Amino acid sequence: MAKQLFDFPNGADLTLPVLVKSAEVRVAKNGKKFIAFNFQDASGHISAKFWDASADDIAQFKAGEVVLLHGKRELYQGNPQIKIYNLRLATQEEGNDPTAYQERAPETADDMGEELNSFIFEITNPNWNRIVRKLLTDHKQAFLTYPAAKSNHHAFTGGLAFHTLSILRLAQSVAEQYASVNKALLYAGAILHDLGKTLELSGPVSTEYTMEGNLIGHIVLVDEAVVQAAAELRIDIHNEDMIMLRHMILSHHGLLEYGSPVRPALLEAQILHNLDDMDAQINMLTTAYQHVDPGTFTERLFGMDNRRFYRPENGKGYPDPR
Amino acid sequence: MAKQLFDFPNGADLTLPVLVKSAEVRVAKNGKKFIAFNFQDASGHISAKFWDASADDIAQFKAGEVVLLHGKRELYQGNPQIKIYNLRLATQEEGNDPTAYQERAPETADDMGEELNSFIFEITNPNWNRIVRKLLTDHKQAFLTYPAAKSNHHAFTGGLAFHTLSILRLAQSVAEQYASVNKALLYAGAILHDLGKTLELSGPVSTEYTMEGNLIGHIVLVDEAVVQAAAELRIDIHNEDMIMLRHMILSHHGLLEYGSPVRPALLEAQILHNLDDMDAQINMLTTAYQHVDPGTFTERLFGMDNRRFYRPENGKGYPDPR
Amino acid sequence: MAKQLFDFPNGADLTLPVLVKSAEVRVAKNGKKFIAFNFQDASGHISAKFWDASADDIAQFKAGEVVLLHGKRELYQGNPQIKIYNLRLATQEEGNDPTAYQERAPETADDMGEELNSFIFEITNPNWNRIVRKLLTDHKQAFLTYPAAKSNHHAFTGGLAFHTLSILRLAQSVAEQYASVNKALLYAGAILHDLGKTLELSGPVSTEYTMEGNLIGHIVLVDEAVVQAAAELRIDIHNEDMIMLRHMILSHHGLLEYGSPVRPALLEAQILHNLDDMDAQINMLTTAYQHVDPGTFTERLFGMDNRRFYRPENGKGYPDPR
Amino acid sequence: MAKQLFDFPNGADLTLPVLVKSAEVRVAKNGKKFIAFNFQDASGHISAKFWDASADDIAQFKAGEVVLLHGKRELYQGNPQIKIYNLRLATQEEGNDPTAYQERAPETADDMGEELNSFIFEITNPNWNRIVRKLLTDHKQAFLTYPAAKSNHHAFTGGLAFHTLSILRLAQSVAEQYASVNKALLYAGAILHDLGKTLELSGPVSTEYTMEGNLIGHIVLVDEAVVQAAAELRIDIHNEDMIMLRHMILSHHGLLEYGSPVRPALLEAQILHNLDDMDAQINMLTTAYQHVDPGTFTERLFGMDNRRFYRPENGKGYPDPR
Amino acid sequence: MAKQLFDFPNGADLTLPVLVKSAEVRVAKNGKKFIAFNFQDASGHISAKFWDASADDIAQFKAGEVVLLHGKRELYQGNPQIKIYNLRLATQEEGNDPTAYQERAPETADDMGEELNSFIFEITNPNWNRIVRKLLTDHKQAFLTYPAAKSNHHAFTGGLAFHTLSILRLAQSVAEQYASVNKALLYAGAILHDLGKTLELSGPVSTEYTMEGNLIGHIVLVDEAVVQAAAELRIDIHNEDMIMLRHMILSHHGLLEYGSPVRPALLEAQILHNLDDMDAQINMLTTAYQHVDPGTFTERLFGMDNRRFYRPENGKGYPDPR
Amino acid sequence: MAKQLFDFPNGADLTLPVLVKSAEVRVAKNGKKFIAFNFQDASGHISAKFWDASADDIAQFKAGEVVLLHGKRELYQGNPQIKIYNLRLATQEEGNDPTAYQERAPETADDMGEELNSFIFEITNPNWNRIVRKLLTDHKQAFLTYPAAKSNHHAFTGGLAFHTLSILRLAQSVAEQYASVNKALLYAGAILHDLGKTLELSGPVSTEYTMEGNLIGHIVLVDEAVVQAAAELRIDIHNEDMIMLRHMILSHHGLLEYGSPVRPALLEAQILHNLDDMDAQINMLTTAYQHVDPGTFTERLFGMDNRRFYRPENGKGYPDPR
């Protein structure tokens, strides 16, 4: 297999086809235009600046195009970037199918769908089971392809499903260890908690927040879907089952300041919040560790309260978290 | 008309029928039981302690009963209370119809309903108009009788509708003064913003928070009602009109810390939050002023960040805010 | 009437005389100097960068000069700015009277002065009336021409008086709606609350904070003026009237964190704080909406806790809030 | 087996021997003394008030004594307590061995010690392994008998070891699921993180904070032990292994506000913090659920930010979490 | 000299004349009235409860009376209090001159006045010198007799002057050590910073907050006095000297949250804030240490963020801080 | 003596040898490299930018080199910087000994060492005396040469010892003024409080945080040294003396948020925190005043909560605080 972006160390020259993930045109302090690129292939994404961009450059090097990149990997203020020697659109032979360059979850959509089904099978409460089954069926395509967030964590194709599955696997361990935990409720909440991302985000590629995402927010967007599903399935939303399930979703950010309209008031809601946090953090940290050398600190991580983390000299290998 | 509870000054003896609003049995530090009463008539409510309560006393002096109270109005740690000389159930002739002793909004349900209709008439956007009209019709009885809160402000029969109308009247002034304000949106948001109280609270008398109130919260409970109404009226909840209307409701607490899942992101949403706050504060302060003498400070007011307010020597008369 | 700055849409070329509101010389990353301009006419203000500025350019294009601007309106990171093609000083014929290019309140100083007087007429308490009348007379010129703030809201000639009048009009509605409000006190507090801006700010044009503004602050600067006025008018500042009036001013920022040395402890002080906030917010938002297209979000607004607001597709027209 | 304290429902009369866990003498508002008891047996602990206590009562009913309690289980402000009918010291036959009445971890010290050893076996880094092994050996007796906290969570004999084991079991699941996690480091940190409790707390019974606990705190008390152990084992505390191990301990409270002098800066430190929190919360909530009836809310839980949690009607059985 | 209140250890019986500092009538949980006393002599003050108070007791045992107290010193929840055996008004011979029982600064008013003068002598700036001299002359009597606070620190006769002098002595050391400090400014600010307490508090005995204290606050009350003094002395309050002096006063609480309308923006203002804090804290802590035994912790101190402080076994003797 | 960096006013041309304190290579917005210099001599340090840097420039102008600087002092956004006309390595004759250009404490290491000894002499408690004496002996070289911080305050050679001495001198004044203060404890705590900086920071020149500094922090690093010293001196770390000494160090940041694992719980710990803060602030402010003209404000100071301070027109001369 051909070498990919993250197969090249700092200081190495490289020539390879990559996908333009985003291309923002800006004006430099000298008055000329430049393009701030984000290049991507299946191994990850990296930024680069293209100086003195002509109108032609701007017209052809757009997000979604595959380009042949000739440049050098450098460190800029501690973060890797590409210094561009040369850039042109990739030919058919060089491989210009954009879908081949996306970062993806480490498991296929089919495998993830199947494992999700095995968890749904254990949701023994019929109200929860029917709601979950209906909503997953209705949003299957988006659920299996969307990222879990625009950039913070699991920001890759299939990230939403993969993040959900990771929580479910942790939830299984917790339910086995603590007899007091209602496994069916925990699973149902885990599967639905971020389903609203399919409405909040614009899609699996070049992801942005939608207007609904900004004005309603993904938490209430799932709630809306649950309310509608219950109506279609003729399940009374005022019975205890439904109030508990909605509470799982509404409270999963843990704190009002983080956008939950209520704080967890059920054991399982508290656990879901903890597992959601922990899986997102492990993903963020493992990704950040991959970008720095052993014995150094990562850049400040926005999603971790701007802390920097230390990658030990003699620690683990930090394989790709996806 | 016979003298009512708040017609008697501090130090005065009184004998009159009152409603038992609440009667909590507690154990005194000497091991004997006492009843902590909240007595009420249409002029307001006041607390009293009944010492050395026998099993018979506890059995007959329950919330909802009308009693003949013989006692004296006193100040206890700056707040008025009744020292009980004697207590017995009221006779038919003395007037034992509980509904006659409730605090009420200063306007009748009919008048308020009519004025609400005149505001709905000005909601010119058909989507908003139909949603508002349907929800008010569906919850009419509760909307016109519930209080606006358990105890903080407008805690009386009809308080929810009266608080809503007060906001609407302010909204009218604001819309007239600022040409940029979308009056229809502001009115629609104002009418619906607290409708969820009819699900969050247990009812117009002896009000408590319901389980749904605690686990879902009144903000999302209105949203749920809007989503269901839209489904019944076949209005697409993803069009801009509906997203804006739902945003008005979801953001009306202003801050995430106060339970709104999103902060205001529309001019009208910001205004609704301000007017809601201001009307609640004016009601709280006017009520608190009524309970203290000119030239003194109120007790610490929970709903005003525990501040004490000064009632001027030569200020206004502070008529009943209801 | 000739076209003004805000009559040109994004992408349009323009040639017209404008006032240099501010001209800051900076060094670009390539070591050359450039001028960061703020151009202004009566329709609003807009920024522009002048690259590779010579010593001559810097000498002639100063704040306060009228220049003939030839350029193009563009969007830069979501905000409008001018790309300069050419710049020279305006001739007499083209109109180089700086006073003709200032942003102004939508009403004349005379009209505002007259309306203020009608409000003063309703301040029936003689102590408050005399203090207000004296201070307005003493600072009349500044009060009618200063902006209400350097940049956040009502940052235009006459903005202070216009902001004050807007609050008074709202106050009138509130006083009519709530019988418990002391109208005279609310009006007196509203008129004086920001009078200290005339000492805190340097003047109506090219406004900066004065040293007194930084070390004393406008809140205590009004208080100082009230204390002095009372001395001249032989009014005892220890009587209740004067303590209440000073409290209205001192507490109007609402929270200690916002610079008020005491929090509101009078009904009218709480209301003044609310109305001051609301009028400033409506002005900020309406101004921000004018700078963006329908269906998009404003830039982050510093005065609104860095929130972005949505301008609806089918909302109001957002006429000039001044 | 004889019935225990928590085998009696609300309203039931009971007669059984219990241990006096604490006995605080206070003065009632009527000037007489009473004893505020906390009674305990292996099923849990419950409070009770003994009114009009004589000097003899105070002298004999002390913490550590076994008494024969005749009384009734009641609800007081939502929490269960015992109304005392009669109290006397238990006789030999009735069972007055205090050790028989303590709450204990659900596993024996021997079993827990053995399982701990199996985890230590997997700490493959020799520096960490030697430090952990030495400290556990030195503090074995205390580690296996102390509670994990004075009252918040795992406040029973053996609670410290049981809490530690619960975290280790979760850690095992996490290490299996995420390849990037350094299992040896996570285990070593988990075992040591709360070892300082053996210095911070006074002992397994009638636990109080020691002076060292207040002035140094358990976090630095473990660190001190690690530094001393390293000196004895001639391990350089400035090598990366030792800095990482100490960091695991020092940062495990997650936030500076919670007493950690540094925030987590290693993947494993972040995970340890999360697992510590989650296990403590599950223990607190399961205990709280046991004390309330299905369909009601718990009292406000200090360790959960004073939130109340809902115990569902048709939820799990909530067996004893110990 | 006769034994005083704080000459008796815990557990000792005592009989001596004391001043009633405050006497609050309350209703016990059994419905009877009791008096919550605060007794005082020159050695300090201590609380006591008088149960089953008759109307006669309430009438005669009022604040300001000297009574002959027969009782016993006890510990209640860690704090000393008196258990009253018997109480009656003191006779002429027993000494019923209230002024003889007040807590006082450890130096006489004359001595303090003289030392203050020596500091004023070093205020070489004529504007500052004249303002300080005038204000001290105008408020001399109050300044030398008022406490520095109602209860937190230096709450005794002469406390305000003593606190001021303590700060001045520290200021002298600081000015000698750091050449950059403007001694005249620091002294002038130190002398005036709390002068407003003479308006904020009701007087040297039975101190309460005045209405002005609550609505204006002592910080602005000094500022008002400075503004008036400048007017009388014909000093322009807009020159730099006066702005700096007023800034010293206005900013001395350090943070806006603590009631300063501006934060320190001068080196000397920052230092004054630090010295004010430190002297108050040393006074609070030394007083608290006096009330507890070596080897124990003080009660939670409100003025120290509710922290408890440890009094060492083998520490200092903690003489009276006054 | 030759003129030094801070002998030249704004606008003046200068030619003199200076030390390169730091040299950071960055990429300008036009794609070319430049060097962001920090130049230094004994009078202070100042920044400068070197545009269009060649590979040779980057290779030779490194931190630690002495260069001959020809340029001009300018103001950039209110802060002084050098505009570089020309730069080359300094010759032997021009003086290229780097040690001659470092900023230094105003007293020699010998003098400071001697004065420290005189303070140690007054630590009469033998445990404290032996610990302090041992640790100072062990770290003497570093203690007398390290800065007290990387950049905030006392960031010069010998700054750590000079900061420590300044606190000791203040401590002496405080101990003399307040009889309740334990001088020996205060001195011992003051000397040790920042000793951990010798482990947290990389050294006296080009100071950076070490990995230990980031993962353990200087507070716990001193504690570690005290624990080890006690072991070597066979002093029991569980006696009250040692717990108190360690508490002095652990609590000296005052708040948990600032990295202290416990808050001050001893009078002397509270005082040490105050004096540490005050000395650092006076140093920061005096340094900042030196860089601005009378009658202007300093830049925003990071260590002072981003406040700007006013340097008076007619204030003190602000000699070099070092």
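Some points to look at:
Order of writing sets the chain letters: A, B, C, D, E and F. Residues in each chain are counted from 1.
Keep this in mind: a contact is a pair of C-beta atoms (placed from the backbone, for glycine too) under 8 Å apart; a residue touches a chain by one contact, two chains touch by 3 or more.
Just so we're clear, the structure is a prediction, and the values are computed from it rather than from any experiment.
Shared contact partners of subunit D and subunit E, listed by label: B, F.
Think of each touching pair as a link: the shortest run of links from subunit C to subunit E has 1 of them. Distance from subunit D peaks, on a Cα-centroid basis, for C. Taking each chain's centre as the mean of its C-alpha atoms, subunit B lies 44 Å from subunit D.
In subunit F, the residues that touch at least two other chains are 28-30, 211, 214-215, 240, 244, 265-266, 297, 308, 310.
Chain pairs that touch one another, listed by label: A-B, A-C, A-D, A-F, B-C, B-D, B-E, C-E, C-F, D-E, D-F, E-F. Within the complex formed with subunit E, the residues of subunit D that make contact are 26-31, 211, 214-215.
Note for the complex: subunit A touches subunit B at residues 211-212, 214-217, 219-220, 223-224, 227-228, 231, 237-238, 240, 243-244, 246-247, 250, 256-262, 265-266. Those residues of subunit E that touch subunit D in the complex are listed here as 28-30, 32, 34, 49, 51-52, 76-77, 297, 308, 310.
Every residue of subunit E that touches subunit F in the complex is listed here, in rising order: 166, 169-170, 173-174, 177-182, 185, 240-241, 244, 263-267, 270-271, 274, 277-278, 281-282, 285-286, 289, 297, 304-305, 307-310, 312-319, 321.
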